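One structure is given here, and the rest of the page talks about it.
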Amino acid sequence: MIIIMRPKAPQENIESVIEYIQSRGLKAHLSQGEMVAIIGVVGDKTRLDNQNIELLDGVEKIMPVTESFKLSNKKFKPDPTVIDIGGVKIGGGSFVVMAGPCAVEGKDVLLAAARAVKDAGAAILRGGAYKPRTSPYSFQGLEEQGLKFMAQAREETGLKIVCEVTSQQAVETAANYVDILQIGARNMQNYELLKLAGRTKIPVLLKRGLSATIEEWLNAAEYVMSEGNDKVILCERGIRTFETSTRNTLDISAVPVIKEKSHLPILVDPSHASGVRKYVSALSMAALASGADGLMIEVHPDPAKALSDGPQSLNPSDFKLLCEKLRPVAKLIGKEM
Amino acid sequence: MIIIMRPKAPQENIESVIEYIQSRGLKAHLSQGEMVAIIGVVGDKTRLDNQNIELLDGVEKIMPVTESFKLSNKKFKPDPTVIDIGGVKIGGGSFVVMAGPCAVEGKDVLLAAARAVKDAGAAILRGGAYKPRTSPYSFQGLEEQGLKFMAQAREETGLKIVCEVTSQQAVETAANYVDILQIGARNMQNYELLKLAGRTKIPVLLKRGLSATIEEWLNAAEYVMSEGNDKVILCERGIRTFETSTRNTLDISAVPVIKEKSHLPILVDPSHASGVRKYVSALSMAALASGADGLMIEVHPDPAKALSDGPQSLNPSDFKLLCEKLRPVAKLIGKEM
Amino acid sequence: MIIIMRPKAPQENIESVIEYIQSRGLKAHLSQGEMVAIIGVVGDKTRLDNQNIELLDGVEKIMPVTESFKLSNKKFKPDPTVIDIGGVKIGGGSFVVMAGPCAVEGKDVLLAAARAVKDAGAAILRGGAYKPRTSPYSFQGLEEQGLKFMAQAREETGLKIVCEVTSQQAVETAANYVDILQIGARNMQNYELLKLAGRTKIPVLLKRGLSATIEEWLNAAEYVMSEGNDKVILCERGIRTFETSTRNTLDISAVPVIKEKSHLPILVDPSHASGVRKYVSALSMAALASGADGLMIEVHPDPAKALSDGPQSLNPSDFKLLCEKLRPVAKLIGKEM
Amino acid sequence: MIIIMRPKAPQENIESVIEYIQSRGLKAHLSQGEMVAIIGVVGDKTRLDNQNIELLDGVEKIMPVTESFKLSNKKFKPDPTVIDIGGVKIGGGSFVVMAGPCAVEGKDVLLAAARAVKDAGAAILRGGAYKPRTSPYSFQGLEEQGLKFMAQAREETGLKIVCEVTSQQAVETAANYVDILQIGARNMQNYELLKLAGRTKIPVLLKRGLSATIEEWLNAAEYVMSEGNDKVILCERGIRTFETSTRNTLDISAVPVIKEKSHLPILVDPSHASGVRKYVSALSMAALASGADGLMIEVHPDPAKALSDGPQSLNPSDFKLLCEKLRPVAKLIGKEM
């Protein structure tokens, strides 16, 4: 940590700050400029209530030097994490495709979607049983019945399944059915939910919050991992900006940034990022080429009849075309799809 | 709802859309321009899966005309909501000040804070017992013990108390102690939590999410209200933008916008909005002058020793000075403080 | 400046960086932590191509300590700048109101506006002769003829006049007419224009760019001031965010932030910030209470007939009401209006 | 255009609006809902001061139906624009790479860069002679001397050249040297500059403004095109958001959005978008895969010695590696590189 003193801060202020640091068993290194004095702090920072140093007389600001996330940090575990879900690998050299409807609406429509995405090349079926909707008057999901349909679709197709959870009860119920628990963007900083998901030890797909920085996102992963669950899959799904031609703005740079800072796998969800079906294909290609470990895509047998997110869902034939475009590029850049 | 057809959409597309609408028992009004046809839809829109109309052939986009929030909407209840908490009024002609430490750290420091804010003129004591922190390695709150200290502070000072809740268990526990349940910014779209808070029938202080639009915020209020709890107090606490000289950007316009769209009272939290103690006074004055119904301010007996948010906390004497600046302006503009 | 080395950077990297700094005549102070080494740099930083230090082996990042703006910086000139425009004072203890139509549309309508704003209490008339419009197909302004009408309005009413300039030619022409040159938000980083305005020595009203940080804004002021013109008036006019219920988001915190960082006066333009007439009054009150030095408000004798920005313009009677609300608050907080 | 009336607006208001529209020679179609009346307007909207309709009694808001940009609009010219610069094609099936230093610093270093980028496969040399810098105290460019060096580099290598212009004088001078005039992000809404560039008839590379929506960007192109210059090349270079791990946020979705809305070619500049050298390769690959027509990349023979933007510049060998990664993917997806 670095402490920047105010320009021409009096010598006694500087000395007080140094004493404060030393009194807590840390070392202080003074760098005295003509205008500004800088104090480097060395040692175990958990002994400091570091925010408060800003309130000592003469202090301009403090700057952290080391990152606040640890378990997800590549500096402490350089090798990429590979999560194996009954033979389906996420991370490392593979490129995984998760696809399916936004919401589980009924058994038949879900099975139709499952067969279609399996046929096109997806390895994992997505489908929401607990739907967080902006308005309380929108369709809220089939809950446990939806999970049962998902499990039946797994049985029939061999696809693994991923479902979003939105409450303690949903975590407890879903833990009996799913292969991957999804924490949605709106709940990325619902820390109680993150801890519950961490305790299940089931792999967690953690979507980035609408306005979460990458550092906050990795800190959210830290909540899951600090409960002893290191199987976290990150998923970039667009951030909120001023641009309105897409529902959110896909932050494609998050892929190389995460690859540099963390060992966790990162997927991209172009359906939620854009909110517009006709942009999904271009964004999927971009995600693959940027180095992402996979995609999460909304596919519905008949998007015009979907109860949720129809406009951003691909139909099965468009999804198949997309997979056929992705596969040779994946091969060319050395990803197994 | 309005449906905009693509430029020069064929007549059969237009007719299909009209048929679709009529088949669901609604009326369609065609407005045929040279380039573009527009179809107005009249009737009960809940009979339509309206998103999906976008997917019908020839449709460019749909535009909602009426707002999605109902119970919080001023159009349906023009008179301002006034919430009476044992004699302390929030909304209408009063200007309420809530103040206290970010986190409850211990009995003595809380009582010192409570006495100080009471003395300066606050009516309600704030203090967090369940703290949602960005990093799992930061102080997380005293939980029920913190609530007990808050209740003791109420007993001793006569102040009402408000505490944040972050989980089902926290709601259930806090319901036994507090006068107002607070839903924090990070949980504004934690819909399960909103519903639980709604069911308690205790007044709910609902902070705006970091990147929530005003419409999404009112829809979050709708989740509380649709459970039969119409005692919702909104609190603007800054939104996330590109500017870094303040921690968030106080959206002062939210005050007149909410006053126009909703009957619910709106407070401003200048401490979280700015994150910087020296800006709190100017922003508090702005909030009062803009028409807000009150303030929520962080005050700590000794900010340099606070376990959370020290840099944005006022000390008791600065808070007293602020109240003395606010009072004559409140009087001048006809607010009772 | 501070240089942060990578965790466990080899000793030879650290030495190379220190040598690089010393070779340019500056001093380097090493603060060696267990994980991270930090190097404080003392001396004249203009001798360093400082960005490139980031590229030296083992360097993680560099952090500037001192601010890049000098002439506008309060640290170097603590007293507030007061600009005297023929007796009308901007800055210090006064609260100035600039008002008038968005665009000069004709002589009669301008004179009607001028008389109305003079009557209500404005000291300065605003009116655009060169209009930067998003679409080339919108009304672009009367140019020099507009300036002549403004000068006539000054003659008749005694109001001072402020007009926006958008090109070299506009600066040269306007310099013959106006009391204050306005640089609009879209041109805040049009550095050639800033330098030209600086050379005129006429007071410059510098609007904040739509997505400019406060630091970039003060650096733009620096372009004007470094040409020898220290009469710069800042004007906050809303920044671009995700919120859509107002056209822009008024960053009211900019007022106390500027008051802390700079000696220059700061006005607020609630008309452009909100884009909505009915919010102008609340935001004007907030600006005054927050400590702003004045307001710039759009007033049109008949907003429904305005060629530009009608929806955000007040009519004369609403403007008069607003001034009557502002005046007692100004008096109460010690501002001369 | 659609006019939405307030809920339960009185019949006389509705009639007044209809009369207003008809009095200007347009047609009005009324769609009367139970709560809300909607009026569709058909005819030549330039006869309306359309903003002002919002101010008529009973009007809630107006909604444009057709887009404000015309010449750049794909609806009016479906075929993609291909710009031929002495045999180098931009748009259509080709993938062009522009590369070179941020600023022209001297003849030798420029020639070294030119040879390197030519060797790796670039077709066009970039290099700034007029540099818009945030601080007036930073290096501002070599101006005409820089243009001369660029022309010499063209002569020696056969590369075409592109240079940024920042003022009327720069346009006039640069027109004698360059193959493509570049308008930078900070000047995207400097309409006078856009018009001057339009009049030269030289191809214009128009960077997106830091906080410009795609619609504003296309309207800026419209300023160039409405002067009779239809050779506009768009360049996405990152937008301003809250995320700080990259300097800006590359809006990769802009590629498919532009491809849908406009016939103009679109490039991506990953160097300015990220500001970080190590992310340039991943973002370049993403741009290619998303369907962009080319790249603009900063390459410097010795980034650590660059006078501007060193940290985001590739060195020649990294650039060569990147081109070798791009080429097979370009071939696979049918782009000529």
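Note that the chains take the letters A, B, C and D in the order they are written out, and that residue 1 is the start of every chain.
In the analysis below, contacts are C-beta pairs under 8 Å (C-beta built on N, C-alpha and C of every residue); 3 or more make two chains touch, one makes a residue touch a chain.
None of the values given here were measured: they were computed from a predicted structure.
Undergrad: Just to be sure I understand the contacts, which chains border both chain B and chain A?
TA: C, D
Undergrad: Which pair in C-D, B-D or A-D has the same interface as A-B, with over half of the contact pairs matching by residue number?
TA: Looking at which residue pairs coincide with A-B, the repeat is C-D.
Undergrad: Chain C to chain D: how many Å between their CA centres?
TA: Here chain C and chain D have centroids separated by 26 Å.
Undergrad: Determine the centre-to-centre distance between chain B and chain C, using the mean Cα coordinates as centres, and give it in whole Å.
TA: 31
Undergrad: Roughly how far is chain A from chain C, centre to centre by C-alpha average, rounded to an integer in Å?
TA: From the centre of chain A to the centre of chain C is 38 Å.
Undergrad: Can you tell me which residues of chain C touch two or more of the remaining chains?
TA: Correct list: 211, 240-242, 244.
Undergrad: Can you list the chain D residues touching chain B in their complex?
TA: On the chain D side, the touching residues are 2, 4, 7, 29-36, 38, 40, 42-43, 63, 65-66, 75, 240-242, 244.
Undergrad: State the interface residues of chain A toward chain B in the complex, per the touch definition above.
TA: Chain A residues touching chain B: 46, 49, 51-52, 54-56, 68-70, 132-137, 166-168, 170, 186-187, 189-193, 210-211, 216, 219, 222-223, 226, 240, 303-311.
Undergrad: Contact residues on chain A for chain D in the complex?
TA: Those residues of chain A that touch chain D are 211, 213-215, 239, 241-246, 249-253, 255-257, 259-261, 273-274, 278-279, 281-283, 285-291, 325, 328-329, 332-333.
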